[in-house]
């Protein structure tokens, strides 16, 4: 597995300054902070990074800054989708110059294209990209990349992996079963951290997780615990990460909940380029109070002065004993 | 109704040259041809116009060329959505300079945003745009604009209309019932020419129809016949337009079927920026043979040398007599 | 068109007594009331009639009562879908004995079956049914019947029509274009009264409308006005029917809003077999207040003692002048 | 966990005789065969059992036969949904008499009901059922039971579990996190065997799996291996079960692929009550050839005389080494 892209890659947000421009020093500070807390790689211009809300030259600027600041400490997987194949290939060339390890290309969006179009699009890019290409499948936002198409694309040497954000465990297994025997170097990454531990267990190589931009320590720990076979603790933490993930994902239009959380970790991200209505501003404040409590539970931040709602006293203990009890008791006995 | 944006606006394709760049002379020739054949207005940078596959500066170039060439003969409704509110407002300013009548802004896409975000987005643009704004609702590609949100947005003076591509007649009626009493200047355009005549009958002001870039004479005729109360002929032609529309829409990934048809009308559009697979190239040729026959039926092009499949001999007559017979016989008697 | 099933068929609710059993005398009174107010036919065991919440023998009882009471004054189109083909055919035989004109068979539900299964299912029934069969397409509840399947089924003599509840006008046109030239006796009914007038205009033969169980006078009037070419008034009333339809459909889980409305017309329907929660009971009372006002506007019931909210004073006039103004002014001039 | 319903329950098909009636002796033989091969329980009248294609009295007959034949060797979870609450409660009473352990009630189908209706429906049944009730959530076929509704229903003592067929691992975790701390006796069963092992790992109690009616030995083994912490082998077999599951599920309209497979295990199931078209009959034969090869791979049946396509020679080995390699190597080292 040495050669496969693997581990936790952070599709990070981009701090903006008071004028709404890229806040370079804060971005560099954020990159350092993420690397220090153990993420395996960085993923600029992802969906969490709001790639679509930046101008083409800004997307280049972001990748340049991130590559410079990472400075070889961790690999950079750069989102490189532009308006068309030609522009995308030009971005790939620029990103090679910046030192990116590979590019990630989201499937064509806006139009819902069929499999033949999706294939033709990625093929054209793969044939001309000077960097390795990972496919990015996110059916809720972009044209789906179906299994036969993935199989066809895996025949191209330049295509070295896929990030799938569907969260469908069986689909991940189908991809792995179809491709790994023939392409042992092909990487399978999940974009749905709600089920990160099970995904790793069935053979995924890692993931690109918005949550790792908020709690890099925790996502890294999930990865390490799973790899070390410490499933009891891994699954216990997976349940807690799910609670945090759901709060960030379902309490605001994506990725605003993640922005609200990263702020609590001490970064000034500025205002999103997607304006908020007054109701949304109020909801965001309420969400931040909840998130502060969830993050304080992990010890990552101070709890709010007014305190947090008490959890059911025995919840943790109950979970430890019952949720994964039978399965893991057996494991404990064996080890 | 004098003040409302109305009639048939063409969301035209953009001819590309051999190098894949905007083919300016061919675009100008196409604009003239459309105006000569009676379209009421032009709509550059629409979904048919593949706005998303062009770079920002190319979108400006397209609107500049179209405004120049239209030269006041017909109004231009310019698609102006850019990466974010600031860029979009800058485009609006540029398009005012070019002489556009108004801008059309598609609802935020890629992310599926909720109503509050959709509202905040359009509100921010409407407050800063120097040109009138029409909302563009296309739920199959972009975040839906629901009825309460449309009602709220219609309170802003700058928002002067909506183009709805859902094809849902009842939804159009709900919009008209909710807004027209308070905003008699607000324009309702449909993007679904499959039901153009019924839409006009229940009160829509017109439409922006990809098909009008292929058969401008026919869409204009549908509009005029309906306005003139010649429903029998209007509905007969609506059936024939539906057959053509379906062939272009469902035989290839949008808008490739329309590109194939416009070529048959004598324009060199070049290759799409979305590459085609070999299978798609073959299917496209087959589609063009079918389209040639459909267009030849109208007398717009020569039939292919190998001839066309015979239609059921009495189909036209059957339709004329039976499809809309009872309803319209009565109308004939009255007039 | 003489031979085609046509006009407004009422998919009526079934009154229940205090013990939850079929309330025969009230059902007979309701049948008389509907016929007196002009519906062209009756449609027991439809979706509105909650066929799925009755036992097989109850469904037979309902058809028997309705046929007896109609007593040849209007045709009965009897919903006959049972657990499987054999039971369904047995029901068809029973309904022939009761005097039904034809049966309506909903596409297989629960499982989402593909086109081949849908075809095989209807074919088997059509080959054995002693009564004419109409297909019932309601994709939101049952396996969709797609266009090629409809075309294949229309080759069977016993299949004499389709009721389509999708509300998709273009789909209705596609069906009519594909089948009418070859089967002039085949009937096309819409189940979506929100667009009844446009459906009639493009050639539909009529509809089966839950709303006709509430305001039979109004649906009949819409039909007659359209047939008589009085489109201005037809469309004006279509807008008002839409308002009523939406209130009944979207304010409660179907068909409870229709039950609440029929009660206001003076019928004791008893409690639905689907229990209501306390919140739903309260919402239902609020809905009835709104419905009473809407029905009072038509003069069908007395307004509530506490009065109704004032409508915008000029709403009616505005609509009359503007919504369908241009189109219909022309028509007026011609006649 | 002693008290919770747990393990693998088989939602079995029902053999029919030449006249299309329940084939009692074959059903009894099938029940014995399943119990002998280790399933933990039986689940008559499930979706796989085509409950909707039987008459009410036939559903009773099926449960009676199965309870009699099981004769206390394994618990019976009886599907008891009838046309309405009253009929359903009557079925529950009958099933108690037959000796069923509990009933499973599918959420209301045909109509898509909202959460309040779903709640009111299950509450009414739970208050009157003489047997424990498990909820059955299958959003692709029936009204979804959302998380808040499940939480409310879990407050009723009679409601002792849920079977969820969505296959959504994160949703299962959300249910467990919300309910288990307060209802340690509440059972969580998955209906999606494609991810059985991961479901068990995150705390599910078992599943009701159509596949267990075809390869009861294999599903039982997956369960036992997981419980015993032998994850490497469990996941390896999960991949193989997925291949079989996909073949049965996606090659024919459900549950015909499962019927074709059970026949290969030596049972005469007769013809489905859903007729097959000639094309479907041919496809079914082709599917059986494929299934015979898959089942022969496990050693459950003889390979076909004409042989089976060779699998990639090292596929098994590759999978063993690479798919779950890193994770499980560590586990091996620990134990």
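For reference, chains read A, B, C and D in written order, and residue numbers begin at 1 within each chain.
The rule is simple: a contact is a pair of C-beta atoms (placed from the backbone, for glycine too) under 8 Å apart; a residue touches a chain by one contact, two chains touch by 3 or more.
Model, not experiment: these values are computed from the prediction.
Steps from subunit A to subunit C, taking the shortest chain of touch contacts, total 2. Averaged C-alpha coordinates put the centre of subunit B at 50 Å from the centre of subunit D. Put simply, the C-alpha centre of subunit C and that of subunit D have 38 angstrom between them.
Per-chain Cα centroids separate subunit B from subunit C by 34 Å. Touching of two or more other chains is recorded for no residue of subunit D. Chain contact topology: the protein chains form a single closed ring, every chain touching exactly two others.
Under the contact rule defined at the top, the touching pairs of chains are A-B, A-D, B-C, C-D. Against subunit B, in their complex, subunit C makes its touches with residues 1, 167-170, 173-174, 176-177, 180-182, 184, 192, 194-195, 197-198, 200-203, 226-229, 231, 235, 238-239, 242-243, 246, 312, 314-315, 318-319, 322-328, 330-331, 333-335. Put simply, subunit A touches subunit B in their complex at residues 20, 47, 52-56, 83-87, 108-114, 116-117, 119-121, 123-124, 140-142, 253-254, 273-277, 279-280.
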